[in-house]
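Below are two complexes that have chain A in common, paired first with chain B and then with chain C.
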Partner chain A sequence: MIATPPPSTGPIAPPPEIRDTSLNWIKKNLLTPWYNALITLAIAGLAGLVLNNFLRWAINLDGDPNKAQWNVIPANLAIFAVGRYPDEQYWRLWIALGIVAILAGLSWGVVARSVKLFSRNVLIGLAIAACICFLIPVPISPWRLLSVTMLGLVAGSAWLGQQLGRKVPQLGQYTSFAWLGSFLIYLWLLGGNLGLEPVRTGEWGGIMLTVFLAIISILLCFPIGVTMALGRQSELPVVRWFSVAYIEVIRGIPLIAILFMGQVIVPLFLPEGMRPDRVLRAVVGLTLFSSAYLAENVRGGLQSIPRGQEEAAQALGLNAPLTVSLVVLPQALKAVIPAIVGQFISLFQDTTLLSIVGLEELLGMSRSILANPNFIGRYAEVYLFVGVLYWFFCYAMSSGSRYVEKRLNTEHR
Partner chain B sequence: MTFNQEHSIPFWRDDRFWKIALQVIAVVVVAAFASLLLYNLNINMQRAGLKFGFDFLDNQASFDILDSVAPYSAIDETYKSVFPYSPTDNYARVLQAGLVNSLLIMVSGIILTTIVGIIIGVFQFSDNWLLRKGSELYIEVVRNTPLLLQLFFWYSAVFSQLPRPKERLDFFGALYLSKRGIFMPWPATNPLLWFSLGLIIVGVAGGIWLWFWRTNLIVEKGQSGQTQLWGLWAIALTLIVVILFGLGWAFPHELTLDPSQFDARDTERFAACVAETYQVENLSNPTSEANLALYSKCLWTGNFEYGLRLSLEFAALLVGLVIYTAAFIAEIVRAGIQSVAQGQWEAARALGLHSDSTMRLVVFPQALRVIIPPLNSQYQNLAKNSSLGAAIAYAELYNVANTTYNQSGRPIDVMLIIALTYLSINMVISLTMNAFNRAVQLKER
Partner chain C sequence: MLNWRSLLLTALLAGSLAACATPPEKDSGAAGDGENTAATAEGSRLDVVKDRGRLICGVDGGIPGFSYVDEDSNYSGIDVDICKAVAAAVLGDADAVEYRKLDSTERFTALAGGEVDMLSRNTTWTISRDTSVGLEFAPTTFYDGQGMMVRADSGLETLEDFDGKSVCVEAGTTTELNLTDKMREAGVDPEVKTYQQADPAYQAYDDELCDGFTSDKSQLLARRTTLSDPEAHILLDVTMSKEPLGPVTINNDSAWFDVVKWVTYGLIEAEELGITSENVSEMEGSDDPTVRRFLGAEGELGEGIGLESDFMVNAIEAVGNYSEVYERNLGKDSQFKLDRGLNALWTDGGLLYAPPFR
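Moving on, here comes the complex of A and B:
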């Protein structure tokens, strides 16, 4: 099957592209040699068959019970988004989303301060997003307006961020602190207390809980993971053994067993009367799990730093902690940004496992919807919808990280 | 540096002091933390009336688990699980059954996902645009959706939607799919089976040895290796013949529907079924028209004998795991092949090797060095992810252990069993793959 070597990625410039007519293109890419024509035919036939059957099932205008019944999605849109969060407190979530939108716009503007902000592709994307927001089949019309407003906030603050970023180039650092600081505000808005009506974590759910769990776990696992990575690379045998034992034991056990441990065994290890709530126990499990994997990623970064860096720092008179924190770690972490983003994406996907231990995050919520007698048997519709949502989030994260990486990585070239 | 100067450094700025002190601090902190946890555990367990110890493993489990892989047993005239278990057995036995189910998924999953992953990975270098883009689409879709969601989809939206036994799907009379499970051909137990299996193992080992010998002859001595090639062909042909005819393949046989074709055993079975279903003791003429209409429930549409029965849970978990892991393996294979420098391809061509020898002798051995370490972690991931079978009611180790915990109320013991089992399975995978890795690594001097 392999007829040509992979394209070279070396410094040699590729030969000038020869413009092809579309007929030639088809002939070259689909029909020659003869077995390619057969493969093309087979794939096209199979894809056509699958697509045909899928469309016949998915497009259901006459209410045929054997075909897809999509009404389960719009009827439960709010539940998919925020679970059983009380209706009258939705305004708090909108404010939280608004802060996220403003911060996201600001960061985008600051990162892209040296390029044209609203290029054609971005404008098209925004227009499509606005159309989707406007066409969402929600029963309550203020929602549509609010979601379009959120888009407006992103665009507006992106412009503001670009203007500010050009004047104050250090703004980039402040935006990351703003993200961290805003987290406390979200916690307060979501959970209540301190003047707001408290909402129990049992009422959190849907996409909101998924995103919350993923973000808080990655934040918490970061210090543990970096410590463990440093410990594993340490020349002190006892510290190294402890770190190796932690990392290897956690990595050898399935996540579901660790979550089970978090739900059942962690309360047994705590003093009398202390019984943290379910979401917190889930966070403990996820954090334990992902810190071991993060430690391995960071170790990869540490190993990629040449020994000369450490020796040079020592020659300058820096002691061990300063060598690590000022010289080794910044370079090591920068080298593993793609791996860390990849891990964040898999952590985002791993939050689905919490549906097995009874939390109603996005997948758990859709399972409860499927258990509702009105929507029984609508598995394919709900799972396809949820799958598209997860796909969208993960794809956005990976392409976003590629974009930021390209923008930040200006010095190597 | 003189003796005096060395002693003039205050101890808190002495590197050697801190090296020891830090380790002591680490030990003390870990020990204090562990003893605090154990102290709490002790108090909590006493108050809750929990005990620690593995004596509960001898108690009767009294819960049933679904068969996963069940070949037809001619002696019992039914499909019998590869690891028979009944609710009267003890917890140790049910945990072993769960382990067997887990191992079945892991082994078949690793074999299948390697094949699928390599094929998809190689597809990405195809000349065919449709094939290339199709495999990219598959990888993007699978990698960006959670495995658990995919498993739910396969189980609830695909395999559970299979037709009822009466309308079973039939693929060439060899493969039958229905709600009752998946029936496929399988070697029947016969005395020849062991002989044939031995022959296959000897043949494969001899073939591998001959292959390496031939490559060695070609590379080191410049011989054509034609004689050895004939030997390889002969072995391959023998193996095919043995596999096709020596194993005694039994196809799933649908029990006959037409009463005129009933043999004595069919009539007997029909009568037994009627007696059981309708509480009729004496059936004068079971196959008369009137009786048949009445007893239509006992016409065995979708009932089979011979072959192998896979449960829907097993099939859904296997398909889900294979499709998920294969996407990652495809990316690993692609990265491995891409890591081989362009010059290697060109040099091989310049030496006059044609494209399959280039692949086999030059590119693939070098790509393998890049492929194996991440492949190791993918195999371990598949092994760990098999525990998600618990979510779709597949009776694998975690699922069984969870039920055991719920019934026996022994959280710590059960957790230890789960953790140690998965740790040892992952260690076996890791050791095997590391040994393999050492074999293919570049040997310098």
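Moving on, here comes the complex of A and C:
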């Protein structure tokens, strides 16, 4: 690493065939001229020091009380995952997760029907995930088996989806509908009633509640946001004024104020028994908020579509709804996918604000776990763990969006 | 140009508005019966709780020893045990409680709006809260006071020694105001370092960024166990404020307030009478008329407040008497090993004193 900078002073270009090697890349970008080498060394040293200190803290084999004590994570893993959901009803959540796994696998198989499904990278990923499932020190032993089963379900139904997808080309549409339809099943499994023991939303928590809130809000805010964006460009004054007023009012209020109003102020005006469920109030708040931002994102896309597109559609004899839904919207939405996904990711992160108004989502749950006398002062471990979880979900969303973008682009060119 | 697009939009808008309005019904099964809507105006919260079959109790959810979620995902702590005792007394089931985590800023609004039936959330009894905020304070379940923690070898003994020293404190609390007041009274001018949250504040003290740390004494003692060398820290013999903490209900609902008040007193009285969760069933057959009256074997004390005559039996079976609650959460059976101090019975030199049950 400590290569001396090349002594040459003249601008002599290196032969092209060695430009691409990594050693040359390092030499060229990090070590020339001499002051870059110094900067590289300093930064590498600092990063190494930080990493070294972190690892020394994180890896604690001899039970040193001043180092990380990770037992807080496995001991409370169930609480991080589902909050205070009654444990004799966990089987329902496993079934729901199983359905998600099967649907995810099917969709994957259908989407990738023309390529090799289990490429080397995918197999490595599956193997790593299986190892993690087996190695996680879960106090409840069937959990390991069940989580590996879930991976098996994904892989199995992916294969099935690929085989079916080759025979039935419309399967892709069916899986979309299956996703929507399965939502009612999840609601039933989670909430109970109709033959299952009811579980109040007050007992939902952890990652389950975070993901639930985020998904519902995303599903609801998308149509509302698109409608508002179209409404803002409408030529009917009432519709336009309403959309503009909605967007500008909501964008003028901080999210925490909306959530606070929903959780604390609204009940003041409604009698006991007429109050909507707290989780529902949270969903409404999040949806109202993000649909206003989404509307502006979509409006950006709408404005980027040349006027000629619309005129061409009209010249072909399409009426207004068809012009919008077949010509304008598909192009507009495709143009703003990054912005929309960015909005969804920040919606996912905004669910943490609900811990302030007392919902026990992932972050709120962590606070209660940290107050357990057995784990006082373990906040670094807990927040690190929670941070990794949030990163995982957000990264999954953004890589998903990149994939969608790539697919849409190639199809149209 | 009035075109189709606008019409479509209007329809869509109307549709989405209707969709927003309908979902509440979906969850009405979980939200409880729709009856007793006018309860806050006419009937008592007691009837609301009985009809609902569930007590909604506002807790903090993040204070060690007072309310937290244990490894088995149950709420625990001294505040939580008060909720359980009330639920057991009113409904006969200590698990019929729905806990609502409340921030210190929203707790009174939630109580006033009827979102929660009672608060059991580390709330200090003050005159302004009792009068202008419109609350009723049930008997104090924990007498706390603001203290000062220093390192044992620092040589600091009184507040007067703090001139030019530094003190760490959580921002925006009455603790911070009390500190300023007391330091001005002592005529010294320490550097006050405020932190937005408890965890980084204690970390700063542990890293010797400040000479003293001030907070409620129970919190200081609880946190001391987590410092890198707990034995190296002492609490100064000063009490900078009075912090009587107890359950709270809303004004103008005497029937419900009486229930919370007397269940709390009942736990104290049970300790005085020597009734524990273990011997409560034997004690029902006791010859002592006071014990028999208290447990409802004789007389009709329960009916006076709208409960079963043996309401205290249920409560004590569920959580035990005050001493059991205290020792389990804060005292010798917990990590904190707090002495009873002011929280002992009046017969032992403490402040706990229950009026007679007769």
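Keep this in mind: the second predicted complex is superposed on the first by the 368 of 413 C-alpha atoms of A that agree within 3 Å, B and C clash if a C-alpha of one lies under 4 Å from a C-alpha of the other, contacts with A are read in each partner's own complex, and residues count from 1 in each chain.
Following the convention adopted for this analysis, contacts are C-beta pairs under 8 Å (C-beta built on N, C-alpha and C of every residue); 3 or more make two chains touch, one makes a residue touch a chain.
Everything quoted here is computed from the prediction, not taken from an experiment.
Asks: Touch test for A:302: chain B only (first), chain C only (second), both, or neither?
Replies: In the superposition, A:302 touches no partner, neither chain B nor chain C.
Asks: Does the superposition put A:253 against chain B (first), chain C (second), both, or neither?
Replies: first
Asks: If you stack the two complexes on chain A, which partner ends up touching A:198: first (chain B), second (chain C), both, or neither?
Replies: Second partner only.
Asks: State whether A:189 touches chain B only (first), chain C only (second), both chains, or neither.
Replies: neither
Asks: Could you tell me if A:395 is touching chain B, chain C, both of them or neither one (first, second, both, neither)?
Replies: In the superposed model, A:395 contacts chain B only, not chain C.
Asks: Tell me the contact category for A:43 with respect to chain B and chain C: first, second, both or neither.
Replies: first
Asks: So, does A:221 touch the first partner chain B, the second partner chain C, both, or neither?
Replies: Neither partner.
Asks: One more residue to check, A:277. First (chain B), second (chain C), both or neither?
Replies: Second partner only.
Asks: After superposition on the shared chain, which partner residues are touched by A:101: those of chain B (first), chain C (second), both, or neither?
Replies: After superposition on chain A, A:101 lies in contact with neither partner.
Asks: Residue by residue on chain A, keep only those touching chain B in one complex and chain C in the other, then list them.
Replies: 235-236, 239, 242, 260, 264-265, 267-268, 271-272, 320, 356, 367, 370, 379
Asks: State the interface residues of chain B toward chain A in the complex, per the touch definition above.
Replies: Per the stated touch rule, the residues are 15, 18-19, 22-23, 26-27, 30, 37, 40-41, 43-45, 47, 122-123, 125-131, 134, 140-141, 143-150, 152-153, 156-157, 160-161, 337-338, 342, 345-346, 355, 359, 363, 380, 384-385, 387-388, 390-391, 398, 402, 405, 411-412, 415, 418-419, 422-423, 426-427.
Asks: Show which residues of chain C lie in contact with chain A when the two form their complex.
Replies: Checking each residue of chain C against chain A gives 1-6, 8-10, 12-13, 16, 20, 23-24, 26-27, 29-40, 48, 61-71, 73-77, 98-103, 106, 109-110, 112-115, 199, 202, 222-223, 225-226, 228, 334-336.
Asks: Okay, in this complex, where on chain A does chain C touch?
Replies: Residue list for chain A touching chain C: 65-66, 75-76, 78-79, 83-85, 87, 187, 191, 193, 198, 200-202, 223-224, 227, 230-231, 234-236, 239, 242, 260, 263-265, 267-268, 271-277, 279-280, 284, 319-321, 323-324, 356-360, 364-365, 367-374, 376-377, 379.
Asks: What does chain A use to touch chain B in their complex?
Replies: 1-6, 8-10, 29-30, 32, 36, 39-40, 43-44, 47, 235-239, 242, 249, 251-257, 260-261, 264-265, 267-272, 320, 345, 349-350, 352-353, 355-356, 363, 367, 370, 379-380, 383-384, 386-387, 390-391, 394-395, 398
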